[in-house]
Each structure stands twice: as C-alpha cells, then as structure tokens.
Amino acid sequence: MTSLPTCGTCRPARAVPDKLRGVNAAYLFALPAVALIAIVVLAPIAVVILLSFSNYSLGATDWSLVGIGNYAQLVHDRSFLNALSNTALYVSVVVSMSVLLGLLLAILVHGTGRLRRLYEVIFFLPVASTLVALGLVWKFMLHSRIGPINELIAALGLQRIDFFNNPSIAIFALAAIGVWHLVGFNMILFLAGLTGIPRDLYQAAAIDGADGFWDRLFRVTWPMLGPTTIFVTITSTITAFQVFDTVAVITHGGPAGSTDVILYQLYQASFQYFETGYASALTVVFLIIMMAISAVQIFAARGVHYS
Amino acid sequence: MTSAKLDVSTQELRAPSLAPSLAAAVRHGLLLIFAAIILLPFAWMILAAVKDPSDIFSDPFSLDPAKLRAVENFSKALTAAPMGLFMLNSLIVVVGVLSVQLITSVAAAYALAQLKFRGQTLLFGLVLFALCIPVQVPALPMYIALAKLGLLNSYFALMFPWFFSAFAIFLFRQHFRTYPQEIINAARIDGFTEIEIVLRLIVPSALPAIAAFSVFSVTAHWNDLYWPLIVVNVTEKMTAPLGLLNFQSAEGVSYGPLMAAATIITSPLVCVFLLARRYFVEGVTMTGVK
Amino acid sequence: MTGSAVRISKIAKGYGASRVLRDIDLAVDAGEFMTIVGPSGCGKSTLLKILAGLDQPDGGSIEIGGESVNQLRPSQRNIAMVFQSYALYPHMRVRDNLAMPLIMADLPFVARMPVIGPLVPGMSAKRRQISSTVRDVSKSLGIEALLERKPSELSGGQRQRVALGRAMVRQPGVFLMDEPLSNLDAALRTQVRTELVQLQKRLNATFLYVTHDQVEAMTMSDRIAVMMDGRIVQVATPAEIYAAPADIRVARFIGSPPINILPANIGEAGIVGLLGESQNLRTALRAGEKAQVGIRPADVTVAAHTRARGASSSHEGRLLHTENLGNEIILHLTLAGDRQVPFTARLPQREWATIQASGGNPNLVQVGLPAERFLVFNAAGRLIPSKGVQVSKRLEAVS
Amino acid sequence: MRQTLAFLMAAGLTAAAAFSAAPARAETTLEVVHAYGAFRERFYQPLADAFMKDHPDIKIKFRAPATDYYEGHLAVAREAMTGQTPDIFFAGMNLLPDLASMLAPRNQITDLNPFLDQEGQAWVDKNYDINVLELGRIDGHQWGLPFNASTPIAYFNADLMKKAGLDPQQLPKTWDEFIEAAKKIKQANSDVDGMQINLALGDWFWQAMVYSYGGTMMSPDRTKVTYGDDAGLKAATTVRRLVEEVGMPWIDEDAGMAQFAAGKLGIFIGSTGDIRTMDDAIGGKFKLVTGTFPMGAKDGHLPTGGNFATILTQDPEKQKAAWEFVKFLTSPAGQKVTVLGSGYMPTNKQALKNEYLGEFYAKNPDWKTSLTQWPIAVAYFGYPNVKSIKVWKAQSEVLFRIGSGDVSPVDGLKEMVQSTEAIVKE
C-alpha cells in the first residue's frame, strides 16, 4: 500500500481506523429502526400488559390497578369464549382447506406449460385485491334469496342456503371467503416448493417403483414439500387468526354471535366500548396465542429441514 | 433441458395408464372450475358496476348493452362519496409508509448484515421478536397515545405504526448478507463512504428483494382496514377501504355506484399486480425464506 | 447373481427439430462393464434415460435379458440407476433410502401408505427380509455406521456409496450409472473408480456407465461405446479405441494429451505425404485426396537438435513450453516448415534429461514421426487402413 | 429516540397542516362538525353558502365530517377534554342525552331556551311542532333543535300484493295485518319472501317494534330498563311470529333493500331516507307503494332517527351567530333543501306549505308517508354512557334465538332485559 503513489483526492479520514468508522456508521444506520421498534413495538406491548391489570378507560381521569381482574372476567365471559371457539372453528376450516386446495392447485398448475402464468395470475388475483370491496361483493353473491350463488343452487333444484343468516352456516361462509382469499397465496408457495424438488428424485423413485400418482405424492412430493407445508400452515394460521375485514363488512359478528371472532371483539372492546383494561387483557391473550403459533413454527422448522 | 422435454416425461410418469391428452383434459378441466370460482366475484362486481342498478339482482350475469350505466355508476361513485380523495389518501399513506420503511429497513439491515456493533445480536433478536407480533397488539396503546397527542385523523396517525417493518429488515438482512464482504472492503479502499456503499452497491444488488417487498407493503397498506378504522373517523382522511365501508352508510345502498366504487378501489392494485406479477410472486416466495 | 445382456436397436429420439439420438444400436453382454463416453450434449444421458424407461424413444426397441422392455415401466425393467446427483431422498434416513426399492417392490399399496401402512397385518416377515438385505448391502459397502443418518449429514463419498447401495439392494440385471463420479473430488474419484470396477467384477453384474471423462472410460471399461452427435461411432475395447479409433473425432476425444492431427497429401499409389515429405506408408486412398494424419504424442520420438535419429522422417521442432508430470514430460512444440503447426510430444523424464544434457540449442529439438504409428483419416474423418512401405525420400509434391 | 419521535411527529403535523384550510377573514367564524361526509354536498354546504350570502359577517367553516353519529360523538368527547369542541355539532338523535350529560356539567353545551324565548312564543309556534321540540328537550333544557329527522316506514311491492289478492290501496296498518299480508304474498309468489325488518344490525327497528306496542326501552331518567313489560313481550312475540309464520330472512337493511329492489320481497321496513335510492334500484320493474310502520297499540310511538343541531360554543358572540345559523337550517327554506337532498322529514311546520315542499309532496306521496308519523314520533333512545352498541350486541343475539325459536319470547325477553341492565350498570 505504502508504495502506491499518494492521490490528491484521498481524504485524511483514511487515518481513522476502519473498525471505529464502521462502528459509528453502524449505530447511525441502526438508530431509526431501534427508535421505531421501541416506540411501535416494545413500549406498546409493555403498556398493554400494564393496562391489562388496570381499570383504565380512555378519557377517564382516575384509574387503578385491579390485579388479574380483567383476566378473571375474560375467563368467565361467555362472549369471549364464544369468540374464541368461533375463531378456532374458522381457523381450522380456513387452514385445512386453503392448504389442501393450495397444494392441489399447485400440483395441477405445475406442469401446465405456457398456461401456468395465466393460472397463477387468476388464482393470485384475490390476494392482490381489496378484501373490503370483495367482501361486499361476496355479501351479495351469497345473499340468501337474490344472491347468484343461491339462484344457481335453486336452479339445480336444491334447498337454498342461508349463508349469512344461519348461525351454524355463517362462520363457514366466512371461512369459504377466507379460503378464496388465501388459496392463491398458498398455491404460489407450494409452486415454489414444487419447483425446488430435483427432477432426478422423481426418476429415482420411478426406478424404485414409485411411479404411480399416489406413490409419487406420498414418497416424494409430499415429504419434499414438508418444510413448505409447515410454513404454509403456519402463515395461513396466523392470517386466519386475524380475520376481521369480512366480519366487519358482512356479518358484524352475527347472526346470534356466531361469527364473533377474537379480533372483532378486540376491536369492539378497544374502540367501540372503550373498555381499555378488558381490551388490553384480550390483547395480551391474543398476543400469547400468536406467539405460541410462532413458537410452533420455529420448533417445527427445526424438525423438518433438509439439505 | 427444455421445459417441453420435462413435460413429456412428466406426463408419461404421472399417468402411464391414461392417455396424456385425457390427463391434460382432466387437469385443465379442474383448473378451469377453480378459476371460475375465483373469478366469479370479480365478474359480478364489474358487471354490477356497469349495468342498470335495477338489473343487478334480477339478471346477475347478463349485460344488456342498451342499459349500460357505467358512466352514471362511476360518476356517482366518484361524486357521492369522494372516492378520488379516498384513493389519494391511500396513495399518500402507501407511498409515505413505503418510503420510510425502505429508508429505515435498508439502513438497519445493512448494519445488521455487514457491520459490527455492540448490541447487534440483541437488535436482531428484537427484529425476530417483532416479526411474531401481530399488528393488532400495539394498536390499542398506540391509539391512546395518538389520541392524547391530538394526532388522530391525520396522515401521520395512519402511517406511523408501519414505519417500522420487522419483515423488511429481516428480508433485506438476509439478502445483504450474501453480498461479498470483499467488494465492500474494496469499495472502502476506493474511498466510498458507508452511505455510498449502501446506495451504490448494496441497494442495486438487492433490487429484486426491494421490489418484492415494496409490492408486498403496498398491497398490505392499500388494503388495510383495521388501523384506518381505528384512527380515522372523519371522511377527509379516509383510505379507500374505509371510504368504501362508509360509502353505503352515507348513501343508502345503491349497488351500481357501490360496485363501481369497489371496482375503482380494487383496480389500481390489480393493475399493479398484472404489470408486476413477477414481484408479487417473488414477494410471496420470499416470505418463505424464514 | 449374473447381470443381464442388453440389446438396443434403432433407438431414435428427437425434440422438435433437433435429433438427439439417431438409430442407436448397441449390444452389451451379460456381466460386461460397458461405458458410453462422449462430449456433453452427445445424447448419452438421454440414451441412458430411455434405457431406464424415464424417457420414451421415438422409435426402436430395447431388450434386457432377452426380453423386450419397451412397454415396461422403469421399475419393471430389472435395472437400477445411480444418478449424477445421487438423488437420495433427503427426508429419509440412509436405511430407508436403501429399503425404498424393496418396499416398493415387495409391499402392497396399502402397506406403503403413510400412517396406516404399518398397521397392515402379515407384513412383518417381508419387512424383516428387507431390513436384512439392507444390512447386508450396507456391510458390503462399509456404510453400516451411517444407516440412521439423513443424506444431508453425509459426505459426498458417503452419499455416492448410499446411492450405489440403493442400486444394489434390488440385485438388478443392469446397473445404469449416469456420471456417478463427477461430483467427487479428484483423489476420491480415482479411489472409487477402482472400487467400482472391483464391485462389478465381484457382483458379475452388467454395468452401463455414462461419462464424459475419457480417463474413466479407459480405465474402467471392458468395452467403450463412443457417442458423437447422437450416434455411436465406435464400440470396442479401450485398447482398440486407443490404437485404432474409427473416427477422427474418437481419436481426438480419447487420449491425453490429445492426439496430434496434421494435414496430409496422398500421392501416387496411395503414398502418404506429410509436411512436404513422402512417408513410408501406403493407404487405399487415391492420389490427390485430402487426408489427415494422427500421431499420438507418446509415439513421437524426440532427440537433441544436434543429431537426428533414425526415424522415417525427422523434423526440427521449436520448443514453446514444457509440462512436467514427474515421470513424464510433455513438450509443446511447433514444427518447422511453412506452416507453424502446433504439436505435442510425450516422453519419459529420463529421456528428456538426457536430451537436455547433450547441449546445443535448448529451444530446438529434433522430432521423429514414426510412419508405422500414423493413423490416417480420410476427408470424412474415417480411419483408413495403411501399410508400411519403403519409398524414396524425395518425391514430387503433388499439387 | 425522543428526537426521532419529535421529528416524525413534526413531519406528520406538517403533512396534516398542508391539507387544512386558509385562515378565516370574516368577523365571526363558526366551526361545524356533522356526520356522513356525503351530506356535505347534498345540503350542508349549499345551506352554509346561502347563509353566508345573507350574513357576510359570519363564516361557516366545516371541520372534517365524522364517519357516523357515533364516531362524531366520540370525537367531541375527546375534544371536550382539551376544550377543542366545535361551535356547532350535529348530534345523533340517540346520543343527545349522553352528549348533554357529558358537556352540561362542564358548561360546554348551550341551552337553546333563551334564544327561543327571544324569538317569541308566536314565532316558535309558527315554526316548530311541540313534538319536534320535545325530542331535543331534556330536564327542561332545550339542548338541541331537530335538524334531520326520519322514521321507519313500510315499502310495499304492489305487483306482488296484487298477485296475492291484496289491494295496494288498502295497506295493512297493524302487525297482525302485516303478518297476514306477508303470508299471503309469500304463498302467492314462488321464490319470494313476504316481509323483512332489519333486526340483524342496529337497534333502531327493534326499538320501533317495542315503541309500536307502546313500550319504552328505559325509564325517562334512564335508570330502569322498562322493555321487559307487556309491550316488550308483544314485540318479542312478533319477532317470533315473523320468522315462524312469515319465514322472514334474518338479514340487515342493505341486504333487505337489495332483495326488495330485486322484486323478491313483498314488504320491506326501512328508513324514509331510503326512498331515493329505492326508486333508482327498482327502476320501474314494479310499482312501489309506501305505508306507515306497523302499529301494535293505540298509544304506539316511533323512534326518530336523524340529528339535532347543538350549539357548543360558550362565546356569546359566537352563540348569537350560531343561533342565526341553526335558525336558518331549521327554517322552511333550509328544510326544503335538506329534505330534497336526503329524503328526511322536514322539522319545520312551514316547510309543508306549497311554496316550499307542499307541491313536491303532492306529486310524490311516497315521500310523505313518514310525515304522517310525526305525531307519534319520539326520540330514538340512547342507552346511558354510550352503551348502545354493546347493549344491542347482546340484544341482537337473543332476538335471533327468539326468532328461530331456540328460546321462548318470554324467557328471551327476560334474558335481554337482564343483559341490558348488567351492561348499563357497568
């Protein structure tokens, strides 16, 4: 280095040890993110946990800590338990159907050659579109009397279905919309997974005798999609747990509370009833559920990781 | 190997007993059925947006050219409720959120990926932690804070919680890490400052990831209902989905204009999607890098 | 166990306009180690896949063990295949990878199903049989200790062995090997080469081995089939291929360093003219035909510049550089004359040391080209038989 | 960290400021908040423009409109803490008691009685029905003056009625008659529902049912839940009959309206404010007739939707200017603009004169139905402490079960009353 001719434009900053300059820049670069993570993630979580032990309500001048009172109320709150079970039902339907259909669509679309792009576009369209708008559309598509779907059902000579005004059906109708919205997303993930399966694995399997559709599926495709399947299942679960838009647009939790889900209840308690303490406890429970799902993901990802 | 070559052998292997054409017919038949279900609401929405409101339910899937009311429906959608303003608000929010997200995330991701500093592990741990926090959790305290500061019903309130994106930082870090340290050191020797390194070397190399994330972010915030519903209760600051939700309560339900409004707010993203399909697909696939 | 014979007749394959395989005929004897060698893109892997049933030919027929297998699925053809990437199932332990062909062959569909499979009754004897086979094979390959591992936990060489083991468990009539050594490092490759040959002899199996590496082909095979542009150009033992390559492309492809090719004239009575001199060699070619002469570097004689030795023709060579292989030395030369023809010669190190010690111009050597070793190719590149004759040193150049 | 926050906030505020209006030049500026942005162009802005033309010294400045009455109320509640309430606020009918009980103790709302007194009793009598004024009167204080008002009415598909042998000129009046008519319509027409009233979303129509049987939701001082009485039971029983006998679909107002407009519903109970949209949606496919809301008792009432103009400013100058504006809004001329822009009922007696709305009503009798219900109009009831939404959520679940027969009207009503009491006491 010293033998190189010195150049006029070289700054004296060269003299500063590289390491030190790197450190300064690193702090500078990390600072905005650190500040934001503190303000929008850490502080609110701390506050919400604190509030969950209080009887605070927005605008109130005095408030006090009430211990686990809010949680006790939650455990005995019929509407909370109802929302919890509705959400669980919704999640189980949406996750199982959107994962299975996503896989099926991916397998069908994979290997359609030039039409693959077109199918991808079509199935992904719901993901890119505004759920509030399409939720409104679905509300009238599934209208019990004049909705086109019911017109079709009636034309086939079948009994009309009260999609949104029968408490035992409404949550499934919402779940169907959830699947409709999510399946393209999952299909893309599965397609990526399918593309990642080496071709000669199928050839090896064919020579070993696994050349039927089911043997290929069970021996190669499905196991090789293991990591993808776990990931898709987890993301679908997280998405499904956060169902809100369709409830807010279509059913408002009805009929008879059959579509009241956790997030809708959280929204109502927080921003319509302003029962801040109770809502905070609800938030903490919601947080714990979501963290648990994430933990499952991390755990499961460790278990099934190839290469 | 050409793709044509792959297809031939795939067909042979998958259904040795079936004629390939029959298998393909079954495959495309199934796909067409699914495609029809997926597209049905879009078709109904667009039809309802362009036809006479009185025909929407009596003849759901017909279109009488003589009774085309597209102009009336769309002009009503744009005047009765200020859909134009809602769209502008959404645009402002989406652009504002994305720019701050990119600036903070690129900087932080570079520091995490290519620099060394005390607390690095802790910060990365926090990012991973934040990745698991659903957005609805900090919403309540944040709402209280914004209310106390008198900042509700502002663009700032609409954007602020999203300025930090754990996903962006994580995604960019993973990409930046693959950038060779040697080139960065060479650039330092050539007299690049750290900012120049980021802007002239790192960012160009990670453009696909940045594009994919941008598409992701724009989609999420254009479509978001939950947060705008909380912090905005005046018409002037409503975003497109919130505006649409209130379109009916203000107007009484008039389906032609309502569906026209739904079409209007859905179309920008669908257009972006059709143009940047690749980045949407990559964006989805990148969520799998975890 | 004895391998099966393979007979390939008139196999053709094309994708769109391009013909990948053109009427391939090849007969492999039972228990033979046959290598298909050729440059990449010559169609050798496609041929192997067609043989395995992974790809369908446009025409032609295949017999394995005397039976036509055209209509049979890969698993019914009594073959096993080792892939270049090994194609081990990454989600299965080594044990399950090895057992896979047996499970597929011996257990009914229901018993192979996940979850419910193990519940199917009456399968325990078969399962025991399978696991004992797996044990035997893994013992013979020295991979017993790896049975519980997943492929991702193995080294390249270990994976290669597992892939081999998976082929062995089913005791196939024919082993198909698609460049199985190309993912190994050089040292390991040499070692496995030997092991594979020994294994083949021990099993007395038929090996059909595809490679682009002529060294592998030469060192391992009983016979070699050289493929060029979708055709099999020559099938012969390694020695024959080396000594009498049927085609100039084969000559170029086999041998290291590559053969020297020089343009030649054909004079009267089919006498070969090279570098302006008539050679003591007569061919069946007619006077005036274009021809090329191939000379293996090892057949070239080299002497110090000062005194020429008794070769049929001796030329001055200008030394460009030398490659020292330890016991041997490779000289890169240009031959004097109007055209500066690049040329290589290969000689023992000791000989070279003697030449160097003899003094004289260090950059010049005397190169001898023994005519009896010439390989003469006609304009189409086919090998032409030739016979040594005595001709007068100077002959009118044929214009 | 604090600096970053401050910076970001500054950025946000700058952005916000860029969109606010220029400073006022007139002597007195009134800041006004109303709900439903779409009404700005329909009548608020035209009325303000007309008013400012007559009063150049007063400037009307609209703040951003609230999404709905409830959100508007919450916004004012927040602003009250920092003293930033608007000068004039249009409060939802069911939220006035809460607004008054919140603002009156802090002296942040103005009693309009002195202004009415100043105008003189004769003027008051000439313009306002005592009924109408009464809606905005709590404990003797006139906290608000009704500006927009609507009552639920019945929409009939005359074609379906004729097919069922019913005379569109002889409309049903009572719940029993409605149910009979609905049953006939359903029997005579395939693929059609007889009748629908929105009990799925919002408690306005449920209240209307209770009121129509002469009941009330709570005692006047809003301490005791009163709908557990005979009137409530009749209303609950009617809900059951509607589902059981008529097969009423349990859908919200939007869905019901769409079905009615598609010609697949015989009778639809909706707001009078829906008329304009309904005409468009029907598009002449069938003949529409409107009639009064079904009554269950002679002393039946109806809850009035809409809003009150309230004056929140405490500055005497501004109060005076604000009164002038409110007076103009509720004047016959102001009401004509409002009614034609919305379908609401006029709150000023004189508006019915021919020079204002008289001729219009003569030509469009369907628009007039709601007016005939003025005599029985009472305030849309709001539960104390802004608990209406939560109360309704509990009520609607039980109502559904009453409708579907999962619980008897008697038991269901008991359950509803209990849950209401519990929520109100929280």
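As written, the chains take the letters A, B, C and D, and residue 1 is the first residue of each chain.
Keep this in mind: a contact is a pair of C-beta atoms (placed from the backbone, for glycine too) under 8 Å apart; a residue touches a chain by one contact, two chains touch by 3 or more.
The chain list, named the UniProt way, goes like this: A = ABC transporter permease; B = Sugar ABC transporter permease; C = sn-glycerol-3-phosphate import ATP-binding protein UgpC; D = ABC transporter substrate-binding protein.
It should be emphasised that the depicted structure is a prediction, and the values quoted were computed from it without experimental measurement.
Novice: Treat touching chains as neighbours and tell me the shortest step distance from chain C to chain D.
Specialist: Minimum step count, chain C to chain D: 2.
Novice: By mean C-alpha position, what chain is farthest away from chain D?
Specialist: Relative to chain D, the chain with the farthest C-alpha centre is C.
Novice: Would you mind checking which pair of chains has the most C-beta pairs in contact?
Specialist: Result of the pairwise contact count: A-B comes out on top.
Novice: Report, in whole Å, the distance between the mean C-alpha point of chain B and the mean C-alpha point of chain C.
Specialist: 55
Novice: Centroid of chain A (ABC transporter permease) to centroid of chain D, CA atoms only: how many Å?
Specialist: For chain A (ABC transporter permease) versus chain D, the centre distance works out to 39 Å.
Novice: Distance between chain A (ABC transporter permease) and chain B based on Cα centroids, please, to the nearest Å.
Specialist: Centre separation, chain A (ABC transporter permease) to chain B: 14 Å.
Novice: What residues in chain A (ABC transporter permease) touch two or more of the other chains?
Specialist: Residues 32, 34, 36, 39, 140, 143, 146, 206, 211 of chain A (ABC transporter permease) each touch two or more of the other chains.
Novice: For chain B, jot down the residues that touch at least 2 other chains.
Specialist: Residues 4, 13, 16, 57, 147, 160, 163, 248, 255.
Novice: Got the chain C residues that touch at least 2 other chains?
Specialist: Correct list: 49, 54, 73.
Novice: Give the list of chain C residues in touch with chain A (ABC transporter permease) in this complex.
Specialist: 49, 52-54, 73-75, 79-81, 83-85, 87-92, 100-101, 104-105, 109, 112-114, 150, 152, 166
Novice: Residue numbers of chain A (ABC transporter permease) touching chain B in their complex, please.
Specialist: Touch list, chain A (ABC transporter permease) to chain B: 9-11, 18-19, 21-23, 25-30, 32-34, 36-37, 39-45, 47-48, 51, 58, 101, 105, 108-109, 111-113, 115, 117, 119-134, 136-138, 140-141, 143, 146, 148, 151, 180, 183-185, 188-189, 192-193, 199, 202, 206, 211, 213, 216, 228, 231, 235, 238, 241-242, 244-245, 248-249, 263, 266-267, 270-271, 276, 279-280, 283, 286-287, 290-291, 294, 297, 301.
Novice: Would you tell me which residues of chain A (ABC transporter permease) are touching chain D in their complex?
Specialist: By the definition above, chain A (ABC transporter permease) touches chain D via 31-32, 34-36, 38-39, 59, 79, 139-140, 143-146, 154, 162, 164-165, 167, 252-257, 268, 272-273.
Novice: Where on chain D is chain A (ABC transporter permease) touching in the complex?
Specialist: 1, 4-5, 70, 77-78, 81, 191, 193, 200-201, 249-252, 254-255, 258-259, 262, 264-265, 387, 389-390, 393, 396-397, 400-401, 404
Novice: What does chain A (ABC transporter permease) use to touch chain C in their complex?
Specialist: Against chain C, the touching part of chain A (ABC transporter permease) is residues 198, 200-201, 203-211, 214-215, 218-220, 223-224, 226, 304, 306-307.
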